[in-house]
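Two complexes come next, and they have one chain in common, chain A, joined by chain B in the first and chain C in the second.
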Partner chain A sequence: MLLAVENLEVAFHLRNTAVRAVRSVSFELEKGETIGIVGESGSGKTVLAHSILRLVPHPPARTGGRILFDGDDLLSCSAAALRGIRGNRICMIFQDPSASFNPYLRLADQLMEPLLLHRSITRAEALDEAVAALGETGIAHPAERIRSFPHEFSGGMLQRAMIAMALMMRPQIVLADEPTTALDVTVQAQLLRLMRTLREQYAMTVVFITHNLGIVAGFCDRVLVMYAGVILESAPTGKLFSATAHPYTRALIRSVPRLQGTKETLSTIPGAPPDPSVEHTGCPFYPRCDCRIPECGEAPVRLVEIDEGHATSCIRFIRGDMAW
Partner chain B sequence: MIPFLLRRVCIEMPLSLLVIFTVTFFLIRLAPGGPFSSEKSVSAQVRAELERHYGLDKPLQVQYVNYLASVVRGDLGPSFKYPGSTVADLIAGAFPVSLELGCYALLFALLFGITAGMLAASKNGTWCDYLIMSIGMGGICIPSFVLGPLLVLVFGLILGWLPVAGWSGPLDRVLPSLTLGMVYVAYIARLMRGGMLEILVQDFIKTARAKGLSERMVLVRHAMRGSLLPVVSFLGPAAAGLVTGSFVVETIFSIPGLGRFFVTAAFNRDYTMIMGTVIFYAVIIITFNMVVDVLLAYLDPRLRNG
Partner chain C sequence: MTTRRTERTGGATGGSLRRDGMRRFARNRIAVGGCLFLAVMAALSLCAPVVAPYAYDAQDLSLGATFASGKHWLGTDILGRDLFTRILYGGRVTFAVGVCATLVSVLIGVAWGSIAGWAGGKTDTVMMRFVDIAYAFPFTIFVIILMVFFERSLLLLFMAIGAVEWLTMARIVRGQVMALRQREFVEVAIGLGLSRTRIVLRHILPNIAGPVIVYATLTIPAVMLLEAFLSFLGLGVQPPASSWGILIREGAESMEEYPWLLVFPGILLSATLFSLNFIGDGLRDAFDPRTTRE
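Right, the complex of A and B next:
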């Protein structure tokens, strides 16, 4: 086991409300696996990923629980220890590549930065490594292009540079926070192919955050379905689609547009995601669920394993009184 | 960058100067009185003779063309109030003093303003931020004719550490520089803090932290450059104002700088001196704004090739 998140809580304390963005989330990450975290916007996926590297601003955020990595608790270790892990053993690929690079600095400086920080190498060696990493992501003439400023790159190229920057450090874990969401589908496909190749080449462990179930199906070994800061279902990718065990997951799968089949109206989930500042007892999906029973609104949410590696929080599935 | 600068120097600068020249020339003639009207002892005949000597008896448009022609040749003309001296001589004598004082004040303002602004932004919302910003507010509110005498009182008279006035030794530079620079320290600190707060919420700052950079390195390497942009834009007119001298500060500390000429020339209706100082000031402002544009392009690559 490489990383263990135990009862992670992240709450943003504002003037008179507390927004609980992540509520008692636990999961484990094995070496070499790719885990997908899916959910709608505002479900807490990004906050979850950012809090693994303690990138959520304190204050207003407060965190609870533990994130164990190699015997250290990332939430309570010293700032110096954390800096040794950030950008070195755990790397992050951010959502919006054009906003995630410093517009005032050349890409060369930005790409070389983690190398110079974490390895004892010269600038010339760091530049060589950065150029090689950029070339590996399929950017032509990397030695010249690396001298560019971010605004001279397209979004797709910047995301390649971002991937290069994360992967050249050969991190033990890569946190990819919707790395392809800001890009168009063809570039998306190219980048996923690239990430898949590099993942196999370096036997990386990946946490892949997305709201795209199609990407999950093709890219991840295991999936966590997140909603209102809570994990509702956790399953190996195959089982998530073949033996879906939560009404929310089923609703998500149904709302993916399909090329085959009848031209029916695209299904949506009625209602809106819950207001995160409102405390709810019971299942957070309860108000929008079409399978709800009164008990769902009261029983506390907890994940229960119903099959090997497959856990759900839906009490009807746990009891076995529902199937489709 | 170079064609842009060439266009600025060869076309825009002369055009702006011509407009400023023309407007100033006619505006000062609109003011009642003339250079010799306050000298009561001068008889009407002598006055007419003086005006004829300086060409003031000619029609206004002729005076305009003649003076413009001489300014284009680089001759700002003789001063009406300091007989025997040309305007160019007077400016050349006083400007180095104001320039020196202005540079010290600017240096002081940049050093303390940027540091204080960065400190306040990085500790946003804490007592440290509030303290710095309150001092800054004080710096903006206290005028130099209050601050100057106050500093003289404390450091010159009570403590006796520094000379109260004059412009001979290096210690003479300290109090005037502080007095002149204080307002700018406050402005720069506020601009720097605002610029930095805007940068610190950007995504790329999170990227920098995620690389494992220390908070200090994040500030210096990633946040400072962008935060400097508003400060640099402000510096164009501010630096021009600083190096051309301040009437108040120069009067308080009896410094033979350029600042007093702006005021005395206007009071005396010393037409050529007014024109000379205005044109000089305009050239400095335009030049400094140009330097600022180059600096901004250096700081922000997105502004290049534009």
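Right, the complex of A and C next:
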């Protein structure tokens, strides 16, 4: 086990309210696996990923629980120890490539930064490595291109540079926070192919955050479905689609547009995600759920394994009194 | 898309933003002209004892005020002192005050502003309230207090002016840093494991260089005028020593009878201020990598 998140709580304390963005989330990450975290906007998936590297600003955020990486708790280790892990042993690929680079520095300087910081090598060696990494992501003439400023790259190229920057350190874990959301679908497909190749080549462990179930199906070994800061279902990718065990997951799968089949109105989930500042007892999806029973609104949410590696929080599935 | 504007980055070997900026700056004729003018004036002033045809306090009362002639290139003042000589000597004070006081204000202002802006919260509040209080303090009274407690000297003049001019710089820098701190590339830098100091020095400061340079070039003229004002009050440079501020004041007194005493120093001061503004604009454009270049 490479990373263990135990009862992670992240709450933003504002003037009068506390917004609990992540509520008692636990999961484990094995070496070499790719785990997908899916959910709607505002479900807490980005906050979850950012809190692994303690990138959530304190204050206003407060965190609880533990994140164990290699025996250290990332939430309580020293700032210096954390800096040695960030960008080195755990790397992050951010959402918006065009905002992720300093407009005043050449890409070479920015790509060399983590190398010079975490390894004792000369500038010339760092430049060589950065060029090689950029070339690996499919950018032609990397030795010249690396001298560009960020505004001279397209969004897709910048995200390639971002991937290069994360992967050249050969991190133990890559956190990819919706790395393709800001890009159009063709570029998205190219980048996913690239990430798949590089993942195999370096046997990387990846946490992939997305709201796109299609990407999850093709990219991840295991999926966590997140809603209102809570994990509702956790399953191997195949089982998530073939033996869905939560009404929310089913509703998500149903709202993916399909190319085949009859023309029908795209199904949506009625209602809106709950206000994160309001405390709810029971299942957070209760108000929008079409299979709810009165008990759902009261019983506390906990993930229970119903099959090997497959856990759900839906009490009706746990009991086994519901099938599709 | 991928070949867009490659001519801008291709070709040259090595190269940094600095070298690129210098190259771009060198193509800006007005700014280079400004630099040349300032360099000539500064060199002449610096070498005043060698270059000047007369001593700065050499009077010729029988001559009185005369217009430019072969003997006195820019004429003489009421006391028969050579105006060209006095402009050269005055330039020493004016340039020294302009450069030193501005440097002081930039150093303090940038450090103060970036610390306050980056730290935020209580640190920011305390630091910026201090700036507000200093702002509200009447400048003339402050200088007079300084004069009472310390010897009257040029150093004191630098200190007094520098102590006032950094306030605005600190506010500008703080605002910029606060805005930049929210930008995603700063979060990326944190995610790469950079320390706070390194992020401020490497990622924040280059991004605020533009406004800082422009404001610094605006500070130099402001400082030169302040020196003139202080000298006018008798708190700055004392006669028979001269500065451009003093020359302009004296010229203004006898403007109706001997206009050249105002016109010549006035032209020089204006030309200097123009040059500084052109240089400031040129620098800002040259060091912004997004500047379009044909």
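Going forward, the second predicted complex is superposed on the first by the 324 of 324 C-alpha atoms of A that agree within 3 Å, B and C clash if a C-alpha of one lies under 4 Å from a C-alpha of the other, contacts with A are read in each partner's own complex, and residues count from 1 in each chain.
Convention: a residue touches a chain if its C-beta (ideal position, glycine included) is under 8 Å from a C-beta of that chain, and two chains touch if they have at least 3 such contacts.
If you're wondering where the values come from, they're calculated on a predicted model, not measured in any experiment.
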Superposed partners chain B and chain C on chain A - clash or fit: clash
Partner chain(s) touched by A:E144 [first = chain B, second = chain C, both, neither]: second
Touching partner for A:M157 - first (chain B), second (chain C), both, neither: second
Which of chain B and chain C A:V256 touches, first, second, both or neither: neither
First (chain B), second (chain C), both or neither touched by A:A132: neither
Chain A residues contacted in one complex by chain B, in the other by chain C: 53, 55, 83-88, 91-92, 94, 96, 99-106, 113-114, 117-118, 149, 151
Residue numbers on chain A that touch chain C, as the complex places them: 53, 55, 82-88, 91-92, 94, 96, 99-106, 113-114, 117-118, 140, 144-145, 147-149, 151-152, 154, 157, 165
Parts of chain B lying in touch with chain A, wherever the complex brings them together: 202-204, 206-214, 221-222, 225-226, 299-302
Residue ranges of chain C touching chain A (in the complex, touch as defined): 1-2, 4-6, 8-10, 15-17, 183-185, 187-195, 202-203, 206-207, 209, 289-290
Contacting residues of chain A [partner chain B, same complex]: 50, 53, 55, 79, 83-88, 91-92, 94-96, 99-106, 113-114, 117-118, 149, 151
